[in-house]
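In the two complexes that follow, chain A is the common piece, with chain B as its partner first and chain C second.
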Partner chain A sequence: MRRFDTILGPLVVLALLIGFAFVGDNYFLRLATFMLMYAVLALSWNFIGGMAGYPSFATAAFFGLGAYCGAILQKAGVPMFLSWAAAGLFTGVFAMLLGRAILHLKGHYFAIASLIVAEALREVVNTWTELTGGGMGLNLPVLQMDVTDQARFFFFAMLVVAASTFVLSAVVIRGKLGFGLSCIKQNEDAANILGVDATRYKVFAFVLSAVFVGPAGAIYAGWVNYIEPADAFDVLLSVKPIVMVILGGAGTLYGPVVGAFAFLILEEVVWRNVLTFHSGLLGLLIVLLVLFMPQGLIRVTARRLFRRTAAP
Partner chain B sequence: MSAPFFRADGVEAGYGGVQVLWGVGAELERGQIGCIVGSNGAGKTTFMRCIAGLNAAWKGTIEVDGRAIASHPPHQILSAGVALVPEGRRLFPGMSVRDNLLMGTFLRRDGSAAINADLDRALGMFPVLRERLSQDAGTLSGGEQQMCAIGRGLMSRPRLLLIDELSLGLAPRIVEQLTHILREINEQGVTILLVEQDVITALELADIGFVMDRGRIVKSGPTEELADDPVIREAYLGIV
Partner chain C sequence: MSALLELKGVSRSFGGVTAVHEVTTSVRQGEIVGLIGPNGAGKTTLVNLVTGVHRIDAGEIVFDGRRISGLKPHRISHLGVARTFQVVQPFPDMTVADNVAAGALFAGGGASVAAARDAAYEHLEFVGLGELADTLASALTLPDRKRLELAKSLAIKPKLLLLDEVNAGLNSREIDDALELIQAIADRGVTIILIEHVIKVVLNLSRRLLVLHHGELIADGPPDQVVKDPHVVEAYLGARFAARMRGEPA
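And then the complex of A and B:
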């Protein structure tokens, strides 16, 4: 029964999302697709940042790589779904090689090393004009579909990726890998002493933080039909997931999802109402939230509920 | 004569460009207790980290039961039967005492029955921990933390137990208690190598002593002999 309880919540959310796709208008579908994309990025970052405690800024690199990989393959005539899968594979292999190179660094050093990867890739894409279109960007084939159908299609595509990321997160958090990662986060030396193969675990977490971001980037490219280096490798794509995870609750299963949802709502509301100062106000709100709930939204509610029931 | 159970020979190691160990050698027979003494910065901890695989040995061999382990990754050395109780205990605060102890079984695949039996045995050795099983390990006293760390080391069923700085920061009464428990562990067949800055305690507890100075073993032998050595008495015991 307990097992059923734990999957009931996610199933209800999933059913609501599917139903929503058929009643929501295009604006809400667009927002919901963004929310799912944010959820993918946040859940992915949670593997390396939340669980292993390695502050990765490589999300934008994975996203841009996936977007370009998907777009280039599609232009070359590869079927869409296959190109998305290939984007995931390519990004995963890239993360494995990158991880082996930079995961021995810790703290700020690791953060900086991961941060410059997106910058470097952007420059490569900028100059490799024959393949990537350079600064002019890349147009993707437009789907022969009704506008609403198209919005719904990309919503579902993003939903599949988000759901997969969530399921894998659940498996990892409850498994030996998640346990090992949380040990590494607390004390890597001690984790090593106790037989956690820290190097392998970290590389694995880093790959996990990339394999779903790649397809999300590829789907995004198909969705907006046009990508260019500054957009696909935007540094905000690295920063936002971190904010979402910290907002929701780092290292937890539901935290990143709640954080992505809360962040999107905040972003949208602030942007719509205070257009001229929206990033300033959004930043301020996030600082306040993190200041007053450093453990994240998810732990605040859990603790409140606990306190209520625990009182004699 | 058969090869000794633990043997290190010509071990050189360091950090970055700084060499700390300049050819360290040591041998222990199965079932012995060895201790490494020496002043601060002599390289005792570095040597222990080398044996456990946390630092790479630049040169030299380290063997346990005939198996070469030098510069192997830590998890392989642990599965070869070598467990380290690190300096400063390194427990996981935020995790319960029980979970900390069970962390020692991370690599074991022999099922929960055997693990529970070992947990029981460890708790029999350290009754205080039984009372604190579900308590956060960060709230333990220094002595209890050291007990928990030794217990955690034992949970991996080591054949060679390395203990770095057994008595550091602990009350004399606790140290005495710990030395009794270590003898008990040793009698159950675990070979022990410990680093200890309290030379009197170390020489009392161990069978073989190694004196380390500036990255070399300058003297070694049965502890009774070392305790009588006038040079040692003057340099480390302050007795002339």
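And then the complex of A and C:
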């Protein structure tokens, strides 16, 4: 039974997704690609935020960095797949250096330090016009494919990154690293005394929270063909993954995926029906969900909901 | 017998306050040493210096023939120095067994998470928490949390164990149980430094007392001598009392 839960379940989802790519129309493919991208961001944030308990707002920085790294390399003639891989490597190294600099900060201080990184990078990209195109943005080479094939291609590219992030999450959560991160989250001083090399573990988690976001950014850039600083370093790219993970269940394996899925549906439904006030309504919904399901969707069972209403 | 832990002129101050001032002493393998002193004497700071939580300003700390001052806390715990905290520090959302497994996994040479959990059950049996292994640590009573602290410390397979007021907040029955457990740990060959605020507790176990006052080591010797030492009496009861004890007019 347990095996079914850990291996067969995800495989069924994977098969359904692959099948979906050949049935769904372009609108649904676009939504599904976004969902996979959200899943990458949420699973990535879960390493540092969910498992280690460090509220990172650096996701937008990693995403933008990956997008620009991929775009610049591709424009310079580097093959597409290679430039995506390079985006991951570059973002990972950047996260390692950044992590060493700011991971000794805790709580709000860490959150603010990580939030500023994307802002700083955006300014750099804005001013470095000869390399990045500055505020005018960058156009990427268009793939010589018909529209549906292109949508399918980027869907699969995002699927590969999402599946890799998921598999690595599963390995980390069950292993020594995940155990150590959980100790750090609950009591860092005690973790140190019990022999956890907290600094190294935190940097590791921070790098993991970046290496897949970089390629996701690079793929996104190729997908939409055009990037500009305000879009690639959008602060919402840092906030949304946090909401998804909390919505789904922080520190769990399936929580971020469930959260990404639920968030995308909410976002789309609200956006389609209440165009003028969609951000406000979405925010309100999120507040309500977090208030009534603080442990996330993944830990909600009918019985718990019932007990909640029976004995408030 | 050779010294397991040596402090050579160890000092540390915080801002203008000298918390520990030129403390020199050594602890031999297998000893149970009591470290006592009034509130704010620098006992906990000394523990923090030995375990690497704070850096020393001057001097040197040698453990098992190796200089440990300057090493990070996790390195020191790998070498075999364990401690308990004055205020218990469990991982609240983990089971009792996983709390202990953490020590076994990271500093106790555990090969895998599963092996560490097996080791954890043994340590929990030893401290008498076997029945509660699968409950959440946050659900434990205070005496049980203290036992958990001991089990976590044992899981790192320590050569030296620093117990920082492990009896604080316990009633006398619970203290007796705890002392029995500490003696059992010592019988396994673990060297123990017992930091206490209440002298009576230490007298049952230690054959040697260190007394800290205003960050300075003011006495070191067998308990019966130390408690009569005028400096110690003065530190605890004031100069007037000490003078009266010596038979001088106050």
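Just so we're on the same page, the second predicted complex is superposed on the first by the 297 of 312 C-alpha atoms of A that agree within 3 Å, B and C clash if a C-alpha of one lies under 4 Å from a C-alpha of the other, contacts with A are read in each partner's own complex, and residues count from 1 in each chain.
Please note the rule applied: a residue touches a chain if its C-beta (ideal position, glycine included) is under 8 Å from a C-beta of that chain, and two chains touch if they have at least 3 such contacts.
It should be emphasised that the depicted structure is a prediction, and the values quoted were computed from it without experimental measurement.
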Joint occupancy of chain A by chain B and chain C, clash or fit: clash
Dominant toucher of chain A (residue count), chain B or chain C: C
Partner chain(s) touched by A:174 [first = chain B, second = chain C, both, neither]: second
Touching partner for A:291 - first (chain B), second (chain C), both, neither: neither
Touching partner for A:186 - first (chain B), second (chain C), both, neither: both
Partner chain in contact with A:194 - chain B first, chain C second, else both or neither: both
Intersection of chain A interface sets (partners chain B, chain C): 176, 180, 183, 186-187, 189-190, 192-197, 199
Touching residues (chain side chain A, partner chain C) in the complex: 174-176, 179-180, 182-183, 186-187, 189-199
In the complex, chain A residues that touch chain B: 176, 180, 183, 186-187, 189-190, 192-197, 199
Chain A-touching residues of chain B, taken from the complex the two chains share: 52-54, 73-75, 78-79, 83-84, 86, 90-95, 103-104, 106-107, 152, 156
Sites on chain C touched by chain A in the complex: 51, 53, 72-74, 77-78, 82-83, 85, 89-94, 98, 101-103, 105-108, 112-113, 152, 155-156
